[in-house]
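Chain lettering (A, B, C and D) follows the sequence in which the chains are written, and residue indices restart at 1 in each chain.
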Amino acid sequence: MAGRHFLQIPGPTPIPDRLLRAMHRASEDHRSSAFPTLTRSILSRLPHVVHQTNGEHFVFPSSGTGMWEAALVNTQQPGARLLAVRFGQFSHLFIQTARNLGYHVDVIETPWGESAPVDQIEAALAADTAHEIQGVLLVHNETATGVTNDVGAVRAAMDRAKHPALLYIDGVSSIASLDFQFDAWGVDCSIAGSQKGFMLPAGLGILGMSEKALARVATVTTPRSYFDLRPMRDQNARGYFPYTPALSLLFGLDDALTMLLDEGMDAVAARHRRMAVGVRAAVKAWGLHECAKRPEIASNTLTAVVMPEGQDASRVIDIAFKRYDVSLGAGLGELAGKVFRIGHLGDTNALTLAGALSGVEMALVDAGVPITLGAGVGAALQTWRVAP
Amino acid sequence: MAGRHFLQIPGPTPIPDRLLRAMHRASEDHRSSAFPTLTRSILSRLPHVVHQTNGEHFVFPSSGTGMWEAALVNTQQPGARLLAVRFGQFSHLFIQTARNLGYHVDVIETPWGESAPVDQIEAALAADTAHEIQGVLLVHNETATGVTNDVGAVRAAMDRAKHPALLYIDGVSSIASLDFQFDAWGVDCSIAGSQKGFMLPAGLGILGMSEKALARVATVTTPRSYFDLRPMRDQNARGYFPYTPALSLLFGLDDALTMLLDEGMDAVAARHRRMAVGVRAAVKAWGLHECAKRPEIASNTLTAVVMPEGQDASRVIDIAFKRYDVSLGAGLGELAGKVFRIGHLGDTNALTLAGALSGVEMALVDAGVPITLGAGVGAALQTWRVAP
Amino acid sequence: MAGRHFLQIPGPTPIPDRLLRAMHRASEDHRSSAFPTLTRSILSRLPHVVHQTNGEHFVFPSSGTGMWEAALVNTQQPGARLLAVRFGQFSHLFIQTARNLGYHVDVIETPWGESAPVDQIEAALAADTAHEIQGVLLVHNETATGVTNDVGAVRAAMDRAKHPALLYIDGVSSIASLDFQFDAWGVDCSIAGSQKGFMLPAGLGILGMSEKALARVATVTTPRSYFDLRPMRDQNARGYFPYTPALSLLFGLDDALTMLLDEGMDAVAARHRRMAVGVRAAVKAWGLHECAKRPEIASNTLTAVVMPEGQDASRVIDIAFKRYDVSLGAGLGELAGKVFRIGHLGDTNALTLAGALSGVEMALVDAGVPITLGAGVGAALQTWRVAP
Amino acid sequence: MAGRHFLQIPGPTPIPDRLLRAMHRASEDHRSSAFPTLTRSILSRLPHVVHQTNGEHFVFPSSGTGMWEAALVNTQQPGARLLAVRFGQFSHLFIQTARNLGYHVDVIETPWGESAPVDQIEAALAADTAHEIQGVLLVHNETATGVTNDVGAVRAAMDRAKHPALLYIDGVSSIASLDFQFDAWGVDCSIAGSQKGFMLPAGLGILGMSEKALARVATVTTPRSYFDLRPMRDQNARGYFPYTPALSLLFGLDDALTMLLDEGMDAVAARHRRMAVGVRAAVKAWGLHECAKRPEIASNTLTAVVMPEGQDASRVIDIAFKRYDVSLGAGLGELAGKVFRIGHLGDTNALTLAGALSGVEMALVDAGVPITLGAGVGAALQTWRVAP
């Protein structure tokens, strides 16, 4: 097919041409005297993306999900007890990862489409007077449902409970897109990947650690090698990595940081909000519902759209991909077939989303969902028009 | 601004990523024993794009307009008399070029927005019983007005008038997008550039010559050097060029030919027709008019949209560019300020055009043109929905 | 500095322009119906690189060293006993990784510069009549010393000892460059990375597993998540990955496989042998010694050159990098300061190596090593001249 | 063949990766309000490359040789009389171009390998008391023979003869590599292309014009269109071009100017001198002669090497290309088969040239020329060693 494909899944996101160029570079010697300049440029600027002054950032050749493991094995003893909320497929997988690694996880089950119940978290922690719970695992932005949690409120609950557990925040689909306050929210481990807000291909895991979390690294005896932060910290301090780094992705990350910080993280968040408002207006104009059960928890990086009863979302996704050159995200886990997901994060703009919404409209009509072509796009354009 | 710019002018057109990659190559020795493979791959396949078996094709480091000069100085004696139709800015410039080179041009003036009047051409040729007129200059697709001529009808008129003049067809905005029948239409010189249907950056002039035209090259004494076809033909025959060729663009052209011929020129033309139908439906839904005065002459590669009386098209173009990240073509010559032009040729698709139309809609509303947001896009989507 | 840098370390190796282009691509939906084509193209062809018909191959977003961990945690119970030979920095790190993961490793200490002592391996296995040793860890090509082991001989020793231990071969600096016979050598786990013979940036771990090794995956209870082969195998079988794959590197790997298999693995090995012969001739002409103690164990992918007594290799490396635009590998571990290493693997050729040797010559002279400029290069050219 | 090809012809020259990246960009609207920034960045900085404050610079989609025509048709009336020196193939072609365009050229014939005879130029001008000669055509650096002229001396001769002719300098293989003093030498038209010192693909002609030359543009009546400077100047003044510019090459040129001016033109010239000294040392060590008959006229951008009597240079070039992956320039015109040419201009360095010289050495030996392998390279390294 001629023309560009519209990659409108919640990640990987479209890679700006500028970053593709930044990665199109000859290899270099990762042990040369010139190399630390790159390492330091990246590691010194990553904290700015999440407003972190407390602690350090690390980059691994890994998927974002690898950082779940990196965060846990470096800070928790074998068999430690953790608390988590399950409210979507990615919170589910975070829990599974912890269990696969031998941790004991207390799970607060929450309906998918809802946000994490702060009161239940607080209650669980308050009840744990012996402080057996060593960590709280929370997905900031649940990519399966399009729901964003209020991490600050969770931190406040922890503080009210006077509970010393570490706070692990999966920000894979929020960091570098949504407002993320590492310091203010008292985050101990922030988890991200290169392929969403950072606008790069997948392949880099990005891990923020507070001083409190870092203090555990030396004492924890969990067997570990690849994700062991001890040699990583040693080498990073000198500007190097303990094994050959994924250099092309680092070149890209370095320039992605320049793009993000030049724009400013507040502007980045505002831009994502603006894009999301338009997409939500389109969903409403189609007469469909979002998976997010309340407007105030709706994510600004993706929207999960619930199909009318009896309609199969997979068919819409398949038609959209094959006939109209747009990729949409499928429903995952218990939402399989029930929702399709529109990503609106990273390097995109109103016209690209208008094109994508146009593809969704044609696919919906083809699938037999009775909407008026142009209605959703028009509603979105109404929000995207720039006030004169 | 984040996201992709929508380049929706009638050329240069968006360059497919594949062609950008094809041009991203180390230089090579244009005199090496391996080089003729590339030359031959290009020169042997260019004729297929225009259904040419009669004659040869040539490629110059030049803009497309340079081929106006190349065609004339290689086939017409100084001061020769030519016949041309003026019905837009590019037919005007073709005439000016001929005059700048010292030719005498009889001009049939035609309202802009109309196509070339075949009957007047026939009459002029029939009246020229002495056969003083040496050539007929015709722009196939007038990029300023969005009007396509029926070249076959012009050829039929020439045949009816039994006139031996050479037929020069500017196909800059038609070749490799619209159906072009070099043999069937009895074209003597076809003129194209790399930056429209060929989907490349500007920088290559592409010239097709019939045997009849080629026979003139050796005998014509017009002073010429850069565009002289004699050394070009000599060198091409051996697989080389008389001076260093624009190699990166040749790498691109070679792959563009593969893309076009793999798709098939009939499919390419059908695809452009389909895109154009949608854009015209949008214009109609906006309640606006096309510059092309009759549906049957409306171009499938671009649409010039006439602004309502008293409204300035430049303002719409400026708003679209600055606020919504879409480039539109301006009105040229006598149409300046009166029309904006939407390019829909080359590497594009329905969703990209839906995005561009969305940008036009917002810009129109911002400029005070009372349209309903989504109306044009919806009308276009109606035509683009794939019949199940 | 103008001109190209000469990256002559033993990895990462120079990335061919073709592979840089292959990676310069828009992102894609890794869950689309079209995606399995890529997965299968890679996973079905990786075995050909190592002549494997027994078992499967896997690709992780990881460094090559991550595959040490992946191989072990998927096939060995916590605390299992393993046998390894230490004869250089990378065999040392392989042992360290196993110990970090909680395994018990019996180590056969061998002088650096020597190859693994097959007789001692055989003796150790023969003495283990209870078959407590669960695995033999061997680095095929020790990147620190430029020594290649005879894996077939090790396999023969294991067979003679009738020992059932799994055979783990680190082929990071040999696979895709040197002859590697997965089936014939009875390898159970082959370990590679993208940044050496595969000519790509680092970022992909490549793991081959025999059926015998795969049979262990389901039964072993070692806690694991990121490197767990169970979900990887499940997803791979359907053409997908359990988490977002490092797509740009996969695009590169797919084309690297085409390059390698089009050339033929025998031709690839022969080409590396030819390059190595020239470099060794240069070292001899300089009057210097290789770290490899015997010609028959000298590696065809890199040469570690021993500095004259009292001379510091770091100085040569530093001068070469800063004055002459060539990167050389440093001595590692106990060889620090004593050797410099010249990589001659991956996408290189005689003239590139001649340029690199020229840089080495100038750096040696600058550092006070009394060689004749041109002597080493001339000796190398003597071997590289093509027999007429 | 694996590894990089060594492109060691006197142009096109190797394109730095940075410039390939700069050209790998989406198309843009060349009529947008943002476009003039690019035009001005280029046109304001081109004069700095040749130390020009007198006049303006222009860029055409054209080969460098197109600028011969552009310079002449914009400044000389039809049939004007010109004076030129023929001392190699490119001076020959410059003369031919002028004659093809209808000019009358007085030619001072000079042995190939010699420089232009300043005394004969002076004598010819002095004898032209009626000032019939309108222009002096001179190739600064004769790419066929590797000879550089002293343009300042020619200007002094013109001044001594008090002759008002315009001075046309072909700097295709000198500008942006060798010292070029537009103002100080009183140049009226400087002629260059993108594919040599500017390190880009061919496709851009670069023309410098003095005020005196520009004054002729409006008055000269020579028929012209493509190369007509009148619309070019008009459009350039507003930041645009009269026809679609070769945008990808302009992106490249803009960044090439940054590279050159950041390095500084004096440093660029010094770097070329250093590279040339090494190559000449190699030629001497081989016992061969340069085509340039005197050391003081030997070019710093290329060296034409004369084959021993009875030996065919084409064979060396063919062997070098096919066996050793290095492209050398052939002998042109009367030097065909007698010389091969080594380009050492643009983005190259000592190690690259050492590699190329190594290829030449092997090819020479293969062709039966009795040289010692390594002798030339060693002699070059002697000159390239950095004084401590």
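Going forward, a residue touches a chain if its C-beta (ideal position, glycine included) is under 8 Å from a C-beta of that chain, and two chains touch if they have at least 3 such contacts.
Being a predicted model, the structure only gives us computed values, none of them experimental.
Undergrad: Compute the centre of every chain as the mean of its C-alpha atoms, then state which one is farthest from the centre of subunit A.
TA: D
Undergrad: Once you count every C-beta pair in contact for both, which comes out on top, A-D or C-D?
TA: Output for the comparison: C-D.
Undergrad: Using mean CA coordinates as chain centres, what's the subunit A-subunit C distance in Å?
TA: About 34 Å, centre to centre.
Undergrad: Could you tell me the distance, in whole angstrom, between the mean C-alpha positions of subunit A and subunit D?
TA: Using C-alpha averages as centres, the distance is 54 Å.
Undergrad: Let me have the rounded angstrom distance from the C-alpha centre of subunit C over to the C-alpha centre of subunit D, please.
TA: Subunit C and subunit D have C-alpha centres separated by 46 Å.
Undergrad: What are the residue numbers in subunit A that touch two or more other chains?
TA: If we look for residues of subunit A contacting two or more partner chains, we find 4, 14, 21, 24-26.
Undergrad: Can you name the residues of subunit B that touch subunit C in the complex?
TA: Interface residues on the subunit B side: 17, 20-21, 24-26.
Undergrad: Which residues of subunit B touch subunit D in their complex?
TA: Touch list, subunit B to subunit D: 4-5, 7, 9, 11-15, 20-21, 23-34, 61-66, 68-69, 78, 97, 100-102, 193, 195, 201-203, 223-228, 243-249, 318, 321-322, 327, 329-330.
Undergrad: Contact residues on subunit C for subunit D in the complex?
TA: So the residues of subunit C touching subunit D come out as 1-4, 6, 14, 16, 24, 263, 271, 323-326, 346-352, 354-356, 358-359, 361-362, 365-366, 372-379, 381-382, 384-386, 388.
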